[in-house]
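Down below are the structures I want you to see.
You will see two complexes here that share subunit A, one where it goes with subunit B and one where it goes with subunit C.
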Partner chain A sequence: MTNLSPELLEPRPSAGWRNLAPRWSPKLAVGSALILTITLFGLVGPLLVGDPDRIDNIGLTAPSGGHLLGTTQTGQDVLAQIAYATRGSLYIGVLVGVMATFLSALFGIVGAYIGGVVDEAFSLFSNVMLVIPGLPLVIVISAFVPPEQRGSWTIALVLAITGWAASARVLRAQTLSLRGRDYVLAARVAGERTWRVIGVEILPNLLPLLASQFVFAVIAAILSEAGLSFLGLGASSSSTLGTMLYYAQNGFALQRGAWWWFVPPGLIIALFGCGLALVNFSIDEIINPKLRDLRRRVGAVTRRATDPAPSPGDDAVLTLTGLSVTYQGERPVRAVREVSLTLRRGEILGLAGESGCGKTTLAYAVNRLYRPPAEVTAGSVTFRDRVDGDLDILALTPEELRAFRWSKLSMVFQGAMNALNPVLTIRRQLEDVLTTHRPAMSRKARRARCAELLALVGVDPRRLRSYPHELSGGMRQRVMIAMALLLEPQVVIMDEPTTALDVVVQRGILREIMRLRGELGFAVLFITHDLPLLLEVADRIAIMLDGQIVEYGSAEQVRDQPRHAYTRRLLDSFPSLTGERGAFVRSGGAP
Partner chain B sequence: MTTLEVADLVKDFRIRGGLRRSRLRAVDNVSFTLTPGRTVALVGESGSGKSTIARIIARLERPTSGQVILRGSGGAAVPNRDYRHHVQMVFQDPFASLNPFHTIAHHLARPLRLHGRTRTRAETWSAVVELLERVSLPAGDVAHRRPHELSGGQRQRVAIARALAPGATVLVADEPVSMLDVSIRLGVLNLLASLQRDQDLAVLYITHDLATARHFADDILVLYRGRVVERGPADQVILDPHHPYTKLLAAASPDPAARGRSFDIDPAEVVEAGSAPPYEHR
Partner chain C sequence: MRYYLRKLAFYLVALWAAVTLNFFIPRMMPGDPVDILMAKLQQRGSGVDPSARRAYELLLGTDSDEPLFRQYLSYLGNLVRGDFGISVSDFPTPVSTVIATSLPWTVALVGIATVLAVLFGITLGVFVGWRRGTWLDSLVPATTVLSAVPYFWLALILVAVLGSALGWFPLLGGYDVVLTPGWNADFLGSALYHGVLPALTIVVSSVGGWLLGTRNMMVSAMAEDYVLTARAKGLREGRVMIWYAARNAVLPSVAGFAISLGFVVAGSIVTEQVFAYPGIGSKLLQAVQNNDYALMQAIFLVITVAVLAANLAVDLLYGIIDPRTRTGG
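This part shows the complex of A and B:
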């Protein structure tokens, strides 16, 4: 069985928690420093200062050696007051944070997971709580509770009850999406109980969100409490930053210019809120890694037009020479490495490879659609125009590039089914291309051209009035192809144009592409992972592995005499529909 | 020897569109039997109802009518609470079917403990190691990793191990390789096949890929709009299809052996010429 002793496999202290820790960043550093300092001040400060309530007859005095932050109207030490007030505010903030997060988790997560009537009821309740204006309600409730019973807990409870609804909605939405994830379903299939599915499978994945909701609740609570206290509706016995401001206001601190009385508490509220907000940014980055700052390399290489572009063969329309694309980062990834390809006029060149091999990056480089951190580090892309002759695509100015794209070289994107704008009609989206590139064209001519193209790809021109969601996946793909052909380009790059479509629909689209190529004579760079499909449609095939072209030849050659081991492996991976079994082992008994 | 009988399965979905309510019949009177040591392939395009059938068998969804009966070796129905010991599922997307938060070991240890297969910690760990080795993964290396540190193929192997953990005898594999890179698909399918042979599993293989269905399964059911339109031994269904829809599927599937096949012929027309019921042009 195994020679590994169980001890060897004892669970290590979970590294999963480390994954949840925010990445270290200046924002996080400043935020945590602010929070830590203020918290420490709130915790330790009161032990070091004198009695904040001790009245002295020196009255209102400016900061001095005896009183570092001066005194109030009644001679109380402001520093001592601030220390106690910070503690009071933090106490209420944390209290409310915990309660509001608990409430929102209860109503958001549990409701969304259980679904049905419970979800409807919980969600209705949160919505009602959400539309009740918070502050007025808080004022009413606070005013209703007699001042002598209005302790910190009462205020915290009131603030929690009015503050949880918004995060409950966020958590509900997230839980609804997690609930349908396969790993949650898998846990159910394994027979896990509901509470365990929620607690073990769903909750950990919500932790970053919960943390950010907690932080947000703390900020809101401290601010609201300050507001309430300032209005004189706060906790009666406790002292918070808000009550300090209230007394400062009552003591006409502003009119008397006693800045030392009201500036420090205000500043602490502002700095603490600022610190929490900064930490929240860092938590957001865990939830959505896209928000992380990409470190841009300074002085990225821009290729100069002076680089000699080698002259391609006569019938070539697109020539890639030694093209390299690198994703710059801490560890640069060379996604495309010295790729040289030639697309001849009117041919279909297939580019096959598996996920991560760099085929889409290559397509984007040809189009110059790549964005930082991707960068072309070497090589050239030459387009031989029927009229204008050779164009060095990598050296085009933005304006030239704009004119070049789509009119000479267009693209059908991966997942093109979702590439149409859902709120615009098909006509609007097609005409948009014409108004941009053919501004001189009349409205009537534009309409005619769009209808013509749609008919060409086998979609009823009446569909021009439709919205994308009214079309089937196959039709949307046809519309995308029509859009790519609108300006009669000489080259169309098709990135997985038929993936995710059913085979029958796929066959229809391929048929359309072959027919249109025959009629219009454009060349196609056909990118896919589906080698059998390429073997059927492509004239020549390039096979890409780890950013390099490992096999390049005619389709027959690639199929019958593959040179590279990887090509052979790919070919063997597709069992023949009608032929022998190949490397497949049949599982059961006799058929 | 457990056998899974699916009898007259029907599943309707209610569609709410504004004020009107309508019903969509996703699965329409489907019956078949999974027997130990044999693989049945359920073939169809998206929307044909094949995943719904998988979800009903895995008890993630209730059928509108019809039954799924699991019979033990004596022929008596297995009680409900033991159902999940026997019937497990492998999901399509290995990137989504493992919880990013938990280690691989956790994913396997949970079902072991939950189904009372192991009691002590040491027992569980050795069972986890054994499971990982059964799916050809280096246990010492993989057990403490998290899903995102594994490749798609490795993850799918973990998902298979997880399905085997409760001691499953019936395995529902819903497109187990369609999200994987082509060069590793074969390895995963062959693994499934050898596990099935070794443990006499009854397997339901759900796919849209006719070629793997033909080579991997013993019997094929072709599903069209929730209905089984053709069934029979794998080679017969693919090589000599009778129903027009099966013919259409076979004609449209990419086939490396068929280079030079003409694109002038519309597969849809081929079918219509053969006195087919009208299929909606999609």
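This part shows the complex of A and C:
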């Protein structure tokens, strides 16, 4: 697929740290505000309030001017207690966050980078630690440590030891994928030392993930510590939000309706956790740009800028007139500009151009498969149906469009690897076309039709039971072609149908396409960057450059009298492939 | 087949690790738990029963000269027989009986609540991801707040509002104490009624994680080529959403079940404490507060085994829903 939006590109180290800065968003603003406020309260609050432990004889008074948040059972000021408790909880949270992130980096990144037995061992260890339930283990360990030895550090250590495994697993997966990237391999081949490669090439790319894991570790630690203290197993002589809740519970705050005692501590934990989670959303969006907020534009529904032109000539089946597609955004990208093309019944129209020139975008515009932010801004697409006459594709209702797709115009996508659903069998993926478009068809007829089509493209019908990953690349592409022909469409759009395949398989599939076209008489819009290939198979050829058609004529014209300089450059850059080999491809089924 | 064998082998290793950890923790820690337990037994008027002492020593360590390895073997033997000694906090009930009476409560509570949370979370996540860019997006931060709330605090709030203030639900317990536990409608109805608030606590706290995870995977899956193919095929929206996008999007959520379950188990222990629920979490705390080390160790083991079993079951399910695991190895 043509990647026109730069933000979808993978972060490269050269793209630098700029990419790592979170994008400003309301979520990030609210999240940071919550975290900052609570952290400040924890840091500065204890300096401003009175002694949290001072006992008074005004037990359990509701909030008032003297005690803004009321008092506990023994008359201690709740606000003062909360200030100190917030500080205690934050302290443990950060302590555990640092230790757990360190442990997970050690076991996740280092193991995955070194690989082999070390990785196996580290990964097994992480997975075992992951499935052993953490809190019961913490409870058991804390119960054996006598209370007088149970300080904040002990608790933090135990929480870190029981809490690093999940993020080690995430980091390992990411490191494994980074390890195979070109720039890391290059650094390794260049003989850079392990620690340098990890530090310079891998770590910067993992930073957003590490930050996110740290955030999670802090939330989890504060929650676990609160739980532990609530059970009376926390650090002795420390004061955290959890111990406050423990005393509130034991002082029957709930039963006596002293909401001011047990609501605020929990609320602080919840708000802090919520703040961290909101910040984490922003970090997630750096890691995975797909998650960024989509602003659905009003009126994003395709509008017709020009009336559909009457199809020129009787033999036209698909006519594009002045079609423009724009990727809307801060800097709109005009991917397709005023393209006019005509596909005649039964012909092969080749569309050639380098990657990024807009040819895939054009192909998706034909049956409205583009998604926001892409938008058709002008032009029309007319389909002349054998039965129904002219159809204005851009004006179809969603249901009409759905029924139109595949039954009249089907597609073969580039990279059949990902075009098939990995978790459904080939049979189900073929049959659901029939169940949707031919509901009257019997089960037996459906099965027979699928088997027939597979046989037609040269795949053993027993493969119907297979899953996509069980087929070779060539076979998958043949299955895609079989699927495209299931409903005997009048037009098939083929987007780089053979690009990912090796040359021998490519030839076989091309011959198959030529033969099938001869037998079934569908027209093909054949999209590729491979001009010599088009010269062999196409009846007419269009050359695309920067979203515009710069050359449009019969294959012979394009080959012998190219008019545009770009076409001549393209032709010159390939060794001649005409003659004998062209006949080889054509021989399959040329009429 | 190889996938299943590997999973089975992994859980055996994990089980062995947990059992061994359980053996070494009390031996590495300061103090002499066996003597504490024996002293407690004597307080209760029980004579020094050598077999009870033996069971404690195997579980918690001994000062005799017996080689560690022999202790370890005998410890494993006792585990297999389910012999963990006598509970001192529930004197004179054997530890295994205490566990047998409390375990069903927790399994039912956590089991039902988790299944509900998973179903709700995944269904909502699929919809929110599918309808991205609409008002449904605001559900995401809202449920995140819920998952940042400590379980026990949410439990307290629920009790305060729905129990104390409105009086809709009982404040604590697992069933009406005037009833005798058994398979009759009165008792089961009462147990169900008492289980609503604890289960609600677990569901509300854990549903957000499932929602967010599924929603994010849904967004990723929707950008995959096979979803584009499905649209190009002219399939109906519902079919594309369920069989193409969601069917692939739930796989990582299922694979990540172990992490979520850890949180749920932790949360339910504390939740049981708030509701004085007669489950294994309350027993664990009772054991901790009374230095009933034998019961504590046994409960840790039982929880671990239950969690491992649940994870194994989910992994086996994963093998069924992702065909690639079956042949890929």
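We take it that the second predicted complex is superposed on the first by the 546 of 591 C-alpha atoms of A that agree within 3 Å, B and C clash if a C-alpha of one lies under 4 Å from a C-alpha of the other, contacts with A are read in each partner's own complex, and residues count from 1 in each chain.
The criterion applied here is as follows: contacts are C-beta pairs under 8 Å (C-beta built on N, C-alpha and C of every residue); 3 or more make two chains touch, one makes a residue touch a chain.
Keep in mind that what you see is a predicted model, and the values were worked out from it rather than measured.
Using the contact criterion defined above for the overlaid structures, shared-chain residue A:Asn418 touches subunit C, although it does not reach subunit B.
Judged by the touch definition given at the top, the superposed model places A:Ala143 against subunit C, while subunit B stays out of reach.
Using the contact criterion defined above for the overlaid structures, shared-chain residue A:Leu157 touches neither subunit B nor subunit C, since it reaches no partner. In the superposition on chain A, A:Leu176 contacts neither subunit B nor subunit C. When the shared chain is aligned, subunit C comes close enough to touch A:Asp432, but subunit B does not. When both complexes are overlaid on chain A, the residue A:Ala451 reaches neither subunit B nor subunit C.
By the touch criterion defined above, A:Gly232 reaches subunit C but does not reach subunit B. Look at A:Leu106: by the touch rule set out above, it reaches neither subunit B nor subunit C. Using the contact criterion defined above for the overlaid structures, shared-chain residue A:Val94 touches neither subunit B nor subunit C, since it reaches no partner.
Once the two complexes are overlaid on chain A, the subunit A residues touched by subunit B in the first and by subunit C in the second are 1. Those residues of subunit C that touch subunit A in the shared complex are 10-11, 13-14, 17-18, 21-22, 25-26, 29-31, 33, 132-134, 137, 140-141, 144-145, 147-154, 156-157, 159-160, 164, 216, 219-220, 223-226, 228-236, 239, 243-244, 247-248, 251, 258-259, 261-262, 265-267, 269-270, 273-274, 284-285, 288-289, 291, 293, 296-297, 299-300, 303-304, 307-308, 311, 321-324, 327-328. On subunit B, the positions that touch subunit A within their shared complex are 37-39, 45-46, 58-60, 84, 88-89, 91-93, 96-103, 105, 110-111, 114-115, 121-122, 125-126, 128-130, 133, 139-140, 143-144, 146, 152, 159, 162, 165-166, 181-183, 185-186, 189-190, 192-194, 196-197, 203, 208, 210-212, 214-218, 233-235, 238-239, 248-259, 261, 263, 266-268, 282. Looking at the complex, you find that subunit A touches subunit C at residues 1, 27, 124, 127-128, 130-137, 139-141, 143-146, 149, 166, 219, 223-224, 226-227, 230-233, 242, 245, 249, 254-255, 257, 259, 262-263, 265-266, 269-274, 276-278, 281, 284, 288, 290-291, 293-296, 367, 369, 372, 402-407, 410-411, 413, 415, 418-425, 428, 432-433, 436-437, 467, 469-470, 483.
Subunit A meets subunit B in the complex at residues 1-2, 4, 6, 8-12, 14-16, 19, 181-183, 185-192, 200-201, 204-205, 354-355, 472-475, 502-508, 510-511, 514-515, 529-533, 535-537, 555-556, 559, 566, 569-579, 581-589, 591.
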